[in-house]
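Before I ask anything, here is the structure I am working with.
Chain naming follows the written order as A, B, C and D, and within any one chain the residues start at number 1.
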Amino acid sequence: MPATSTQGSIVDRPRFDCRNAYVKALADLAQEDHRIVGVVNDSIGSSKLDAFKKAFPDRLINVGIAEQDMVGVAAGLANGGRIPFVSAASCFLTARALEQIKADIAYSNRNVKLCGMSPGMAYGELGPTHHSIEDIAWLRAIDNMTIIVPASPVETAAAMRWAAATDGPAFIRVSRMSVPEIYPEDYEFVPGKAITVRDGNDVTIISNGTVLWRALAAAEQLAEDGINARVLSMPTVKPLDVDAVIAAAQETAGIITAEEATIAGGLGGAVAETVVKHHPTRVEILGVPEFAPTGSAAFLLDRYGMSPEGIADKARGLARQN
Amino acid sequence: MPATSTQGSIVDRPRFDCRNAYVKALADLAQEDHRIVGVVNDSIGSSKLDAFKKAFPDRLINVGIAEQDMVGVAAGLANGGRIPFVSAASCFLTARALEQIKADIAYSNRNVKLCGMSPGMAYGELGPTHHSIEDIAWLRAIDNMTIIVPASPVETAAAMRWAAATDGPAFIRVSRMSVPEIYPEDYEFVPGKAITVRDGNDVTIISNGTVLWRALAAAEQLAEDGINARVLSMPTVKPLDVDAVIAAAQETAGIITAEEATIAGGLGGAVAETVVKHHPTRVEILGVPEFAPTGSAAFLLDRYGMSPEGIADKARGLARQN
Amino acid sequence: MPLTTEHATLPVFKQLPPHSSRGQQIAHIAEAARQIRIQDLKLVHHAGAGHIGGDFSAIDILATLYGAVLNVSPDTVDDPDRDRFILSKGHVAGAYYTTLAAFGFLPVEELATFLKPLSALNGHPNRNKVKGIEANTGPLGHGLPIAVGLALSAQLDVSRRRTYVLTGDGELQEGSNWEAMMAASQYELDRLTVIVDRNRLQQGATVRQTNDLDPLDAKAAAFGFAVVEVNGHDHGELYDVLSSVPFRPGKPTFVIAHTHKGHPISYMSNNVAWHHRVPSAAEYQQALDELESSPTTTGN
Amino acid sequence: MPLTTEHATLPVFKQLPPHSSRGQQIAHIAEAARQIRIQDLKLVHHAGAGHIGGDFSAIDILATLYGAVLNVSPDTVDDPDRDRFILSKGHVAGAYYTTLAAFGFLPVEELATFLKPLSALNGHPNRNKVKGIEANTGPLGHGLPIAVGLALSAQLDVSRRRTYVLTGDGELQEGSNWEAMMAASQYELDRLTVIVDRNRLQQGATVRQTNDLDPLDAKAAAFGFAVVEVNGHDHGELYDVLSSVPFRPGKPTFVIAHTHKGHPISYMSNNVAWHHRVPSAAEYQQALDELESSPTTTGN
């Protein structure tokens, strides 16, 4: 089902900014369902919502630079029967409005979709205040919150369609840093399910978002050394696909997790918490360990061992050990 | 060194509200060092700081019900040469001012001590909006933040003395739910070091804060069944004592973590991330898995398997398996 | 004695028919308020916890809204066009549950579970547990943004439903309120009414000693609201003002309701100690006597 | 052509001796501002990123502060009694770094590392990397609370040091600012000065279209500030006002500096597109010509 194996190396594929898929999906959903509205914090341009605003002038609510109000307003709109897609830079959405996310959305169980734009280190040279590496760990600690980190334009749109059709709180990361397409057009998002985007039994790489294609590229390199890496796409960080993680722990030499997020409490943490409970095995957690220095997102991902080579090296280490 | 073994069962000891040790230590520190100031959000009473206010009227800054301002003001006071102890209900301090904690304190590397009062489920019947089970996972995701969860009055005061004497950001949880004393008067806090409060090689229980004495009580029960549990007190959640965790993984059948915090990304998560990297072993993570229903903190800790019996049961399970 | 169903003595009220006179409405509100205070006093005393000071400063406002102003009843809690009320000062849950019970949203006996293990009635309102509650509040400064979202949803629906939100005065120290007020004015949400329980006390001291709000009327006006001041214990003034908003087309309304924490209990009124103190047996009896003997007029 | 040290052409300035005339001060500020704009233009064009619109609306304010108002120099960056300046609108780091270099806090050549991998000069100021920076800003609405803490520390120390904070106007939509303003007034921090870069534009549109601030003077006055309005590109007005605060004993000062984003570049001025657009080669040349030919007077 995944399109990978068929079409040559993943690194040669064209790359796309997932925000374009996001705005198209949002406009289509708004067309079909009058309840869909957008809520933004002076982030129309950074969310690429100018066309949406033209098409649905009163259904894009801009509260200005006020994230607490933005999330509270979304909770009120949901109470009024609307389905708000909050669209704001992930760093400000999650850091500035976390208590509103906890109380007004998660604990109140409001049907609000929190869309974290330009997450991870997408803002590159704008630095750690604009990097959103903590968002996943922060939201994972909150009950009643589905956390989705799509890896491609198709998956971004599919996750949005699922979220729009499913009552309850959800957080969706929308990548800015461009990524190749990994899924066929008709891909359907299934919450809490991992996708085996490449099969193998020597070692497992679990990834999502902007790092998934790098994991696939690493697997291609490993194949040349005769190491068959299983690559699990884990778009849903919460609830986690526990069975897929256990199977990986049982069937392969070890697990590498790789994500554009902190090494403390993100996807890596979720996988670690799962394996120690069900089937202890070695897990190498790749992620961002610090307030990053100046550099582009790509430069920084490489710095933190998430180049295809960096991921492949870790995988070789694990494969050798056992 | 720990006072435990000597004095009969831990459950029979008198219990204390750590806020009393907190305010005494703060007053002593303020006496010795004019740079020490308190910063509060209409939380003078809930922090038991009325006497401090009388003793140091201009050195207790009450910004009103405004947590973002409270933390920003603390950063400014630190820039001005003061050593602010921010004293506010942990739920509001961490949820409402998280971006100020990230940018103004951690990333700016300001010498501010964030004191999370009445953390965990101390507010019991006041419900999940007032429970602060996420604080540790939230702060653990942020770089340059020392996280301390003292287990007794003596440890609370020792941690504060250490923090006052050590430049840099720190977060200290100050328990309201009463706990027995576990340490001798002359206990010295050492950051990043676990304390073996009870030795044993069958199974390890790692805990801190209000749950540590429950872990010790569980160990007493296990001893009656001939199971020798090692109890590690882990006051510093970040940086974690990796060596102590590895030793426990190597020398005992498995690890139980027990804390008054969420099961996702807290002390349990930190321990899981450590063992999967260095020495995979089974870890049972005890904590709070949901927005808790109405009940006292004690009622809820029992509900979530953190009664001495509940912890002992988990330990038996682990000890038996191997 | 712990809280039991014998302490759930509240009579149940209904809104009067539309054609009722102003005098009838006010008398009805006054009696409801008096009964709500008596019941709430019992809850706090017997449960041994609560925020009775803020409860009593808000009860006349709550009784006016549910007794004669809000277009909502137990049968219409899911009607999209019901009026919305958000209790932003969520710590007065005791007064809120009692008010909801007084108007039939909640069985009176259920009040006996207040704060008990696994009860639906914890220290702050939970919409997923109690019919009629619109938002889970407790952290201060959350209600006003939610109310702005509700008023926006009504504007989008071209519905005439109204949104009311009750905040504390100390609560207005939270910047989130001022973010929301700016947006309410920008979007001309004139069917939004903010009511401030202006008792001039917060948790630890007076608002003035802590972080003063005055001139509150000028602040609200500068943020684009039509400002009205009322005696927050005078049911006539409350009824007249709350039932006749908006005052200025295109402008949201800001009602400064002057109140006393603990009103009308002699030893509680305007005393900061009663933010969350629990009456002793003697204090309980005295308060009960004062309430039972008090005339069912305006609560003043 | 990528940014290199040849593009670091900025001359270095020092504050004039105290006895200098007002005219000398203003000429000195004007020339510094002109040179800072030229240098900042080169940084943004050659680095291919930055917030030139907000840079240019703020540069006259920055040049006035560092050129003639702030009691701080490269030798006194660690002096406890130095004046403090907080750039709350941290996205104009390019203008800030250039200003710091113009007054000797930072080697001019280092400007050539702007936004380069591992450079100390990233898109938002980092006090741990650059001498003279007091706070790591970037998220809006952080500077004012920090400035209140600084002013409180001066009050505690009975020091006469002053604290200045520069915010954007859209930035004032953040409630954290209003929390801080309430506290500044409560504590009577009259040595605190808030300067608002009132260019009436934010990231995506005008402030009015987004979430209007008017009447901003009435808002600030109601929050307890002494309000002054100036032409934010007139060095004389800026110098007079910023060097003579406080205006009302016991009250913090709120300076509304009326500016234009992108000022004085003809095709940038007051055009929202230039919030973070990068000048093409032709646009770059034209801006350079306009700046180099512009009289070194008030920048108007």
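Everything below uses one rule, namely that a residue touches a chain if its C-beta (ideal position, glycine included) is under 8 Å from a C-beta of that chain, and two chains touch if they have at least 3 such contacts.
None of these values were measured; they are calculated from a predicted model.
Peer 1: Given the contact rule stated at the top, which pair of chains has the most C-beta pairs in contact?
Peer 2: Among the chain pairs, A-B has the highest number of C-beta contacts.
Peer 1: Which one of the chains is farthest from chain B, going by Cα centres?
Peer 2: Using the mean of the C-alpha atoms as each chain's centre, the farthest one from chain B is D.
Peer 1: Using mean CA coordinates as chain centres, what's the gap between chain A and chain C in Å?
Peer 2: 42
Peer 1: What whole-Å value do you get for the distance between chain C and chain D if each is reduced to the mean of its CA atoms?
Peer 2: A distance of 45 Å separates the two centres.
Peer 1: Measuring from the mean C-alpha position of chain A to the mean C-alpha position of chain B, what distance in angstrom results?
Peer 2: Comparing mean C-alpha positions, chain B is 31 Å from chain A.
Peer 1: Can you list the residues of chain C that touch 2 or more other chains?
Peer 2: Within chain C, the residues that touch at least two other chains are 126, 136-139, 141, 173-176, 179, 182-183, 186, 210-211.
Peer 1: Residues touching two or more other chains, restricted to chain A: which are they?
Peer 2: 63-64, 66, 68-69, 92, 95-96, 99, 103, 107, 129
Peer 1: In graph terms, with chains as vertices and touches as edges, which category applies: line, ring, star, complete, or other?
Peer 2: Topology of touching chains reads as complete, every chain touching all others.
Peer 1: Using the touch definition up top, name the residues of chain A that touch chain C in the complex.
Peer 2: Against chain C, chain A makes touches at 37, 58-59, 61, 63-64, 66, 68-82, 84, 99-100, 103-104, 107-109.
Peer 1: Please give the residue numbers of chain C that touch chain A in the complex, ascending.
Peer 2: Chain C residues touching chain A: 80, 84, 126-128, 134-139, 141-142, 144-154, 156-157, 175-176, 179-180, 182-183, 186.
Peer 1: Which chain C residues qualify as touching chain B in the complex?
Peer 2: Contact set of chain C toward chain B: 49, 90, 115-124, 126, 136-141, 170-171, 173-175, 202-205, 210-211.
Peer 1: Using the touch definition up top, name the residues of chain D that touch chain C in the complex.
Peer 2: Per the stated touch rule, the residues are 173-179, 182-183, 185-186, 210-213, 215, 218-219, 221-223.
Peer 1: Quick check: in the complex, which residue numbers of chain B touch chain A?
Peer 2: Per the stated touch rule, the residues are 92, 95-96, 98-99, 102-103, 106-107, 128-129, 133-134, 137-138, 140-144, 238, 262-266, 268-270, 272-273, 275-277, 280-285, 289-291.
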